[in-house]
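Right after this note come the structures.
What follows is chain A paired twice: with chain B in the first complex and chain C in the second.
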Partner chain A sequence: MAWVHRFLNGAYIFRHYPKPSASCPFLGTRFAYYCSSSLQKPEAAPGKTSCQRNSEGDLQGHHQKEVVLDITSPEEKPEVSFDKAIKDEIMDHFRRLKDDIVNHWIGPEGRPLHEVLLEQAKVVWQFRGKEDLDKWVVTSDKIIGGRSEVFLKMGKNNQSALLYGTLSSEAPKDGESGRSGYCAMISRIPRGPFERKRSYDWSQFNTLYLRVRGDGRPWMVNIRGDTDLIQRKNQMYSYFMFTRGGPYWQEVKIPFSKFFFSNQGRIRDAQYPLLLDKISSIGFTLADKVDGPFFLEIDFIGVFTDPAHTEEFAYENSPELNPRLFK
Partner chain B sequence: MKPPILIIITSTIILGTMIVLFSSHWLMIWIGFEMNMLAIIPILMKKFNPRATEASTKYFLTQATASMLLMLGIIINLLHSGHWTISMIPNPIASTVITIALAMKLGLSPFHFWVPEVTQGVPLSSGMVLLTWQKIAPLSVLYQISPSINPNLLVAMAATSVLVGGWGGLNQTQLRKILAYSSITHMGWMAAIMVYNPTLMILNLTIYIMMTLGTFMLFMYNLSTTTLSLSHTWNKLPLIASLILALMLSLGGLPPLSGFIPKWMIIQELTKNDMIVMPMFMATTALLNLYFYMRLAYATALTMFPSANNTKMKWQFESMKKMIFLPPLIVASTMLLPLTPMLSIMD
Partner chain C sequence: MSWAQAILLARGLSRGWGDICGPLLGAPFSQVPLRAARGLHCSAAARNSDSWLVPPPPEPRKGPGPTKALALHEELFQQAPAGARDKANFVRAVQNFGQHNVHKRGHVDFIYLALRKMREYGVERDLAVYNLLLDVFPKEVFRPRSIIQSIFIHYPRQQECGIAVLEQMESHGVMPNKETEFLLIQIFGRKSYPMLKFVRMKLWFSRFKNINPFPVPRDLPQDPVDLAKLGLRHMEPNLSATVTIYQMPSSKDSTGAADPAEPHIVGIQTPDQQAALANHNPARPVFVEGPFSLWLRDKCVYYHILRADLLPPEERLDLDYGRSGWDDYEFDIHKVEEGPVFAICMAGAHDQATLAKWIQGLQETNPALAQIPVVFRLAGSTGELRESSSGVKEPPPPPPEGQEEEEDNQQRQQQGQS
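And now, the complex of A and B:
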């Protein structure tokens, strides 16, 4: 409880996340963006979510906002003006460029350096409104032809986000997939002006702090680093998060030294510590081979420095498995 | 890395640079650059992690592109002059292409984008070699062809390098990136004076190498890669904190430290050649560099950052690291100013 108060009330702690990208109704660009990147396809349909809503009614109680995507109901027709949309987009990018230049003068991430250096805890993502949900993408094995479903919506009183759905480990009938059954929620990569990739610098922190409420299922927390050349989708650092399933909130603290390295979905024999100066995204994956509904409620995700944690890296490389590392 | 392999790789790096320094045949110079580049890749990948792999890949791609451009310039020169000897380059296209290729190798703006990324991704010792030894070969070739370089091109690259190095280093908390931007700035100062007085460029390079080696060695002694870890030096090794202060001020070019020598000489030489705006601009943008060096020195030696109690006990443990060259480097990086009149022996 003390940790929660420290996070949410401390002077060095609470920071607004930078503005998300422009939400102009330029459907063409967004549609192309969604189509071009397989991991970025969000999932929902209003019809299906209403069924889910009824089943989750006892949890939530009243009408919730959904993560609405490109699907609009026939009654409301958004006004699409190509010229206005282009102009708005360009103006927005130049405004962000100007903010970037001014923030560069002030300090790292737009804050004075002494504030950044003295910070010992930081809330990176929190869920207080729909704009916070826009920073996340949900995905499941539906992309490869599976039957899992996953949705993301705001929780009760707009104080948390609820990730829910149904996991199905039925393999897709495409002749090549033997296994299936995963659902994931991944944060969008932070973007600067002109869609430049940005990354988080968590090098002065050493532990990840999550306030979650689950249903007893084991989740995996995945962190991806920012890479330009090596395929970003292939490499990530993961650790487990076991939820208790009770009505009480659970504070999960995972030191960054515990994260293990995996490439193309396989845990590698050669392990490397997670380098914290260029973090690109964080994700939660459920793939516990148990079919059925699931939910995970997330209050906030933060990072902090645990002075009692002195471990640098939890795994060591073995000369038998990896002689190359010991040459 | 096993000692025999390390010896072979290190000697190849040294041999590559020596071949560039001692050759008068353009092809041998190109071969020297290639040997150097290929041999330094394993040094950059000393720690096998994906970040080091990415940094080495970026380094390889940029240096290979620069080598291709260099070869193009050499062949154009061969077409027009008919010989392979390094001397005056009569053809302006060949001279421009070779200058651009060498600027890419050095990390001069606008070809500087690889320097912070590569320096950040490699261990401190590899970064030290990258920012000091790897500058010698391209600068030696530029020294030899300096009469035929387009001065406007070089001065433009110098001005942008000084600006980019100062502006880019402003908000860095990672020490290797700070030193990378410092390297870009110093390369800018060297490029600015190269056309007018190449000897001063060598002087600047010598003093820059001594200061950068000293700084890297201090960071390696401390095992610090971020400003925050450097700020805890006061309870580990208080003497190192004061040395970091001296070195940062020297890197910033403040008298009476050694770092002031090249800046003073370069501004004097540029003014003698009827250039007023350029040295004024460079001296002003050097303040940006001085700002982030002072910030590092402030965090390390002039203030005590709040730290947890368990970090306050490190003074009890003696450091077993041996840095034999550190004392002479510190002396050379801070106390050479009175010897400035003697430095005319470099002519």
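And now, the complex of A and C:
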């Protein structure tokens, strides 16, 4: 059953994968092509099941591209027996289901309720081992034919993650892209038993905290909520993260009230605050139109409550752009 | 019906047809009613000309050289000699378009071409030039005059062109002004897409103008020493740090290239770092690491740091402030700790000799450095732009390690002698 589900999931992704531009309707001859939000996030399963898929045979044409995207999967693919692997997966999922039911009695996500309610600072992603890197996917404009490269690896002493590569803003010669040049690192959507989509609930926190060390380039932090509905597939909330550069670690604190809403890569006129109860993923994008190598070292990513921050939303809607909201 | 009346009627009809067929058929049709509209307003001389015909394609260039097909109107941009590509020539080319071409045939193509050429002429961030380019559009013609016209995108090619001009302004960070607004209203009307884009630009640019907590000036200094000073001040958050120039570039030609024998060396150090270096245990070595890259807008500079390794846990001072249960804002994670940084420098070359000069210069303000062994951990030796990952702890290959030990023995001997 798990195998069937994963096969269908995989086929679904691969069917949509070769046409990322179809979801971006502003792709006229002369319109900009800011692609990070219109990418279909390739939610590749861990390396073991990609072995299974490779042995299918009818996905031959696509598994090359999967290897290009799935840079964080391990290089060596150990030989596993097909049936044993399926059985292990199924047992694993049932175990997770059992844990899930047991945890529900203890409290949200298995922690007692008083601990969850009083919590004011939470580490959401840390980078202390290879398995932490598997929770992230890196993409660049190679998908649309550009020349940027991006890689993710563990940093010094296995204490941080290093995202590095080269940005190239040379537009692909496909007749429809005017501009190009972006690299992105996106977190995978958290999954429960049987690969059900889970989401993060950050409703008690009001600020995003990142401990990074960059090279002076400006990045964009994107947060996506629930993307199951078609209308919400390309919506995301973003804000800028300016790195200082230099040898010192930098603490970036971005309150959630500063995130602006965008759909299909364009800022929308009607702005609404980010709702924190169903966050699926977070991503970092670099698209500052400057060619050259870049790096970003990340220590950890957390959320906390800043008691001094009382702003609810930073952007007012203007009656000139959106008269319907003011009737 | 006379011949003139027939022509007037036909022109009026074609203008009407042009509005509907424009979105369907594209550029050629929109140019015919444009000229017909001008024809109605202008003098008798133009009325008799055969403005029905689509302008002939430009003749292929004869003579030596590659016979690449020129874009329409490209010859306007080739009148200036190749060396003098600056604002005055660009402005002259744009004005020449209007002078020889009263009806402004092909203005859309010309504007697209001018937008492409702006970067060569170095005027992509000049608002006056963008306003001049918007001035190329004929005024009052593309404004919708009835409800039907305003429902459908009136003159869509021209509106797309106007949006393209504004989009290039946006991508270079140029804020439009009142003159742009007036031009857009005059050309397209208040409810058009370029005007909508202008309103959005005004709103979002003013919202995001000052969000960078570490702003870098737009016009970076050309002099490498000034650039190094700017970069060092940018990296060091402590404002009481002092920047010292240990070596100026020896020869300054007109091109400003530094002499490879004597590149510039600029360093920065805070009083806290000086004190920490004075208290540093001489038995532990300090490392010169680098080069690491720093981007200032679109220029990449490289810097090196002088740092020591972390003290082992038993020697470390652990200052743990007690916090109450309500006020627990600390993250439940052991943050990455790295050894203290004692100084940062930016130099023209990234080899050991230049950095050794920096260390010697540092010794004047930090006499304790004379007793401390200095180990050079340099990654790579080329000065071009490459992927340098920060602080990658790869074991250096054996021969350089031998050289490093030799070097620091020599250092100690030199320090002993000086």
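Before moving on, here are some points about what is shown:
Operating definition for what follows: the second predicted complex is superposed on the first by the 245 of 327 C-alpha atoms of A that agree within 3 Å, B and C clash if a C-alpha of one lies under 4 Å from a C-alpha of the other, contacts with A are read in each partner's own complex, and residues count from 1 in each chain.
Please note the rule applied: a residue touches a chain if its C-beta (ideal position, glycine included) is under 8 Å from a C-beta of that chain, and two chains touch if they have at least 3 such contacts.
Nothing here was measured: the structure is a model prediction, and the numbers come from that model.
When both complexes are overlaid on chain A, chain B and chain C end up sitting side by side without clashing. By the document's definition of touching, of the two partners only chain C reaches A:Phe240; chain B does not.
Legend: residue contacts after superposition of the two complexes on their common chain; A:Leu118 is shown touching both chain B and chain C. One of chain B and chain C touches more residues of chain A, and that partner is C. Using the contact criterion defined above for the overlaid structures, shared-chain residue A:Gly292 touches chain C, although it does not reach chain B. After overlaying the two complexes on the shared chain, residue contacts for A:Asp201 are found with chain B alone; chain C is out of touch. Residue contacts after overlaying the shared chain place A:Arg224 against neither chain B nor chain C.
When both complexes are overlaid on chain A, the residue A:Leu275 reaches chain B alone and has no touch with chain C. Of all C-alpha pairs linking chain B and chain C after the chain A fit, the shortest spans 5 Å. Overlaid on A, the two complexes show chain B and chain C touching the same residues of chain A, namely 118.
Partner chain B is touched in their complex by these residues of chain A: 104-105, 107-108, 113, 116-118, 201, 203-204, 225, 227-230, 235, 261, 270, 272-273, 275, 277-278, 307-308, 310, 324-325, 327.
Note for the complex: chain B touches chain A at residues 1-2, 5, 48-51, 53-54, 57-58, 61, 117, 120, 167, 170-174, 225-228, 231, 295, 299, 305-306, 308-311. The part of chain A that touches chain C in the complex is made up of residues 28, 30-32, 118, 120-123, 126, 155-157, 159-160, 162, 164-166, 179, 209, 211, 213, 215-218, 240, 242, 244-249, 267, 269, 289-290, 292-295, 297, 299-300, 302, 304-305, 315, 318, 320-321. Of all residues in chain C, only 112, 160, 163-164, 167, 171, 196, 199-200, 203-204, 207-208, 211-214, 216, 231, 234-237, 292-298, 300, 303, 305, 307, 325-326, 328-333, 335-336, 338, 341, 344, 385-393 touch chain A in the complex they form.
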